[in-house]
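For reference, chains read A, B and C in written order, and residue numbers begin at 1 within each chain.
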Amino acid sequence: MRARGIGQSSNFFSHYARQLGTLSGLLGLCVVLWAATPFFLTVSNLLNVAEQAAIIAIVAVGMTFVIITGGIDLSVGSVLAFAGVVMAEALHRDVPVPLALAVALGTGLFCGLVNGALITLGRLPPFIATLGMMSVARGTALMFTEGRPVSGFSGGFRSLATGEVLGLPISVVIMVGVYVLAHVVLTRTKLGRYTYAIGGNEEAALLSGVNVKLYKAAVYGISGMLSGLAAVLLTARLNSAQPIAGMMYELDAIAATVIGGTSLLGGEGTVVGTLIGALIMAVLRNGLNILGVSSFVQQVVIGSVIITAVLIDMWLKRRAG
Amino acid sequence: MTDAPVLEMREIRKTFPGVLALDGVDFELRRGEVHILLGENGAGKSTLMKILSGAYQKSAGRVTLDGNEIEVKNPAHAQSLGIATIYQEFNLVPHLSVGENIFLGREPVRLGFIERREVNRRASEILHGLGLDLDPRRPVKGLRVAEQQMVEVAKALSLDARVLIMDEPTAALTEHEIKELFEAIRGLKAKGVSVVYISHRMEELFEIGDRVTVLRDGRSTGTFDVRETNKFELIRLMVNRDLTELFPKEHAARGAEVLRVEGLTTRGGLRDVSFSLHQGEVLGIAGLLGAGRTELARAIFGLDKVERGMVSINGQVKRIGSPRAAINSGLGFLTEDRKAQGLVLPLSVKDNLCLPSVDKFTRLGFVDAKRERQAADRYVKELRIRTPGLEQKVVYLSGGNQQKVVLSKWLCSEAEIFIFDEPTRGVDVGAKAEIYQLMNRLAAAGVAIIMISSELPEILGMSDRILVMRAGTIACEFGAGEATQEKILECALGE
Amino acid sequence: MKKGLVLLLLAALSLSLTNCQRGGEQAGGGRQRIALVMKTANNPFFIEMQKGAEEAAKRLNVELVVQAAEREVDVEKQMQIVENLIQTHVAALCVTPSGSREIVPAIDKANKANIPVVIVDTRVDAKALADSGGRVATFIGSDNYEGGKVAGEFLAKHLNGKGKVAVLEGIPGHETGDSRLRGFRDALKATPGIEIVASQTANWERDQGFNVFQNILQSHPDVSAVFACSDLMALGAVEAIAAAKKTGQIAVVGFDALAEARDAIKQGSMVATVAQSPDRMGAMAVENAVKLLKGEQVQPEFVVPIKLVTKETLSEGGK
């Protein structure tokens, strides 16, 4: 093909065009809700939406990393539940709060690394490995607690859900922090570069000297660890860790990732897009609640939005390619 | 043959994001002619034909069929207009029979049942017309490549195609099969079918073609009667430079030994392979498919486990257990299959180019994008990689430019030993010459090169020394000037 | 840009849907808005409750918003719904908690917004509420412990004081299920001839009731009765019994008195169920919420009476 001096700028534009599309979708949604109800566009409701989005949004960051490598992590919801109840038990045994948080992250990390080992050393397809982990982690959480929620924590721990920093709920601050960090990791670090390379062409990455197994395992570890972090926030929010928490979170996280323009085929995607995707889902749920739409209709609308977003994404891609 | 054009394409333009693929191309097809479309990879041949077959939509221009302007909406529409395309990858359903494939989607039906007998009768008729004795009830998966291709041709004819586009139809055929195909094409001509024939192979052009149109950089550089032109003129029109010598070999000074392989044996099939390689040397490795050439490269590069034997680099014994270790020891591997192994297609030129040497640009885990860009920019300029920018995804580059990106990867990682596996496969004449020149420059700079190739002229033309592999081991060694095609083949076959 | 457009369209669609739903009510203008947040909207028990609440709202001329999570056990979704309703400044909030402890943070938020909270059907964990300092205006529900006890006493009589009994539990940690279970067990303590040979959870679900009871039948082919903490699970067990061709040989007792369970009792595939009155609960929730808004005092607790439903009571024509 003939290269013309159209230059880099057009490229940059097309690179971010998809996010602009998703962002305009989010803004459009907000405009409609603003017009439809006086309760939507208030500071307190927007903070409320951000808080509601935080947990899925954090899980979706890990999911984005995994999906960029061309994999999938179905275990995030179960790992969240498992990490949550382990941490809750620790808190009930008077383990200091910082250490208990480390226990939650560590439990998530451990489950993620087991996923990674099954996928790299055991050569299992990610779908199968994490499907297995989904069941194992859930079952272990239920066994561990005999099926009962572990609840009631100190005010210090609860302040993770009730506290504020500069007027923002702590969970929102943590979410923003995770996204900034993840964005920097994906765009500026070796780990990020390798994540894209593995998803774009695993064989070529291997032949270019990328330690594919190590980095793949690391990515599943990150996903597990972020599930652990989400478990901390969810447990603080409900003042209870349930062994049945986080059911279907994998699907919400995948949906946020995919709405954000990350391709399930791997090699492409951004966490900025995922954040917008997670916000779209949260705004949609919030808005439909406020409008008093029944839960049945909500499911139809949310499903339609996912399908539409991906259809448009594919259409844009075809046009570009 | 009449001179009336069946089909005319005028001022065709096609743009992709950041790239102008076709810039006002004219093309004309007469009734009953075989019109060759010639050009380097990326010159726009496939794009032009995809517009005709409805796979792409043109950005501007006019297409007329029998004098009526047409707008080809999609491949099905093209078929209904009598324009059929036979791609390199066939569109056949392996488990269905020949007859079922020919009439797929248009089966004669009575009372909801497919009339199998009618399918087979009509398929037989068409196959006979092509001079082919093929049982229409046989499943396609058992057929030879050439036979499958004829099924594609039969399918096109069953659609009453008047224009047949064939994309590199002889790429996978044997000498004898090519003869059969040409017979069939001549038969089609006689029936008034017009054929657009895309090919790289000069010899075929003079054998089967009536006229030839040369494309370069998305423009037509002219249409000629095949009898009034010659190979050298066409090459000049394709690449815009004279290629007096196809293999511009320059002998570099031979320096110290950089690589020594002794008794290398792997489970993958290498048996007791020993050889050495010197600075500035191009070591050609010939052999038949499955003789162990690629396995040798994989073993040296740390991809396959070595059972016995050793590899030493610059006099030091190295244990190379992974590609990373190989790269750290100064090795670079240009694989046979660029797209499957060489490049991460959705990543940019810059990211691909820097991938093996990210460590070099990394401080405390952070990649210094500015230094990366500087390095990438240097190689893009040095190797004249044609790309709209460093951020262009490599998937949008042409084959030759993609190969240059792969080469730059290893230049950037400062490799001292290059392994080229089929370096010019799928690369056109102009880019080939450029790659050979680059090999010369590398050798002159003291780089040692192992060149695995199935093309004997390439092996003979570019190597300082030639090893011939057979059954996992090295069967013969020849010095430059010592070897001939016959000698190499004899050794490779074990006669 | 296109994506934006489509989302707009979708939102417009959802808007138009809401408008038809709310069309009649909006005419009322400045009526007070009361919210009812149920565990789920796809369980017959809650559908009845919603009906009762809607009738009461109409009668008392208040606007009623009914919301529920997709899944009965999704405590986080329920919390989100409560938060979102608080944003719309509802005047009062009636909730059937998906989790007896997990609902507490949501109650706190309602308290902070000065919205009175009426708890329906499932009790809030008293300790968790006390720890957080949360306030609940009133509780409306049936005495599940009493219900379990009534079921146990009936079964003891039905089996003539002798036999092996299996139990299908609800989700562990649910106050409702736990209370029914306790009541049932306590009732059987008085009858030493009856042994509980298996007690497993079927998570409130019908298909799990089927599977779990099928497994129990494998290990204890000689069970003579089963008590399920809800009719849905009981109906699952009925199907498992039918699959084992033992219909009529095993006495099935359920809870909730769903229409389908009443039919099963008429046909003899179940022997009894415990009737709560979800419609009554829904109505009382709205009535008391209205009282609260008028500044009237309400009792801290209303017990909606329970009733055993058997073939006899059904033939008497009593509901």
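In the analysis below, a contact is a pair of C-beta atoms (placed from the backbone, for glycine too) under 8 Å apart; a residue touches a chain by one contact, two chains touch by 3 or more.
Quantities reported herein were computed from a predicted structural model and do not represent experimental measurements.
S.K.: Using mean Cα positions as chain centres, tell me which chain lies farthest from subunit A.
M.R.: Of all chains, B has its centre farthest from that of subunit A.
S.K.: Return the chain label for which the distance between chain Cα mean and whole-protein Cα mean is smallest.
M.R.: A
S.K.: What whole-Å value do you get for the distance between subunit A and subunit C if each is reduced to the mean of its CA atoms?
M.R.: Each chain's C-alpha centroid was found; their separation is 33 Å.
S.K.: Give, as an integer number of Å, the spacing between the C-alpha centres of subunit C and subunit B.
M.R.: Roughly 68 Å, centre to centre.
S.K.: Counting only Cα atoms for the centres, state how far subunit A is from subunit B in Å.
M.R.: 42
S.K.: Going by the touch rule set out above, which residues of subunit B reach two or more other chains?
M.R.: Subunit B, residues with two or more chain partners: not present.
S.K.: In their complex, what parts of subunit B are in touch with subunit A?
M.R.: On the subunit B side, the touching residues are 16-21, 23, 42, 44, 47, 217-218, 301, 303, 322-324, 326-328, 333, 335, 340-347, 351, 355-356, 358-359, 362, 365-367, 369, 386-392, 395-398, 409, 413.
S.K.: For subunit A, which residues count as touching subunit B in their complex?
M.R.: 1-8, 10-12, 14-15, 188-194, 196-197, 200-201, 203-211, 267-268, 320-321
S.K.: Considering only the defined contacts, which subunit A positions touch subunit C in the complex?
M.R.: 20-22, 24-25, 27-29, 31-33, 36-37, 39, 42, 44-45, 48, 51-52, 55, 146-149, 151-152, 161, 234, 237-240, 242, 244-245, 247-248, 280, 285-299, 301, 304-305, 308-309, 312, 315
S.K.: For subunit C, which residues count as touching subunit A in their complex?
M.R.: Checking each residue of subunit C against subunit A gives 1-8, 10-15, 17-18, 21-22, 40-42, 65-71, 73-76, 79-81, 83-85, 87-89, 99, 101-102, 104-105, 125, 127-128, 131-132, 171-173, 201.
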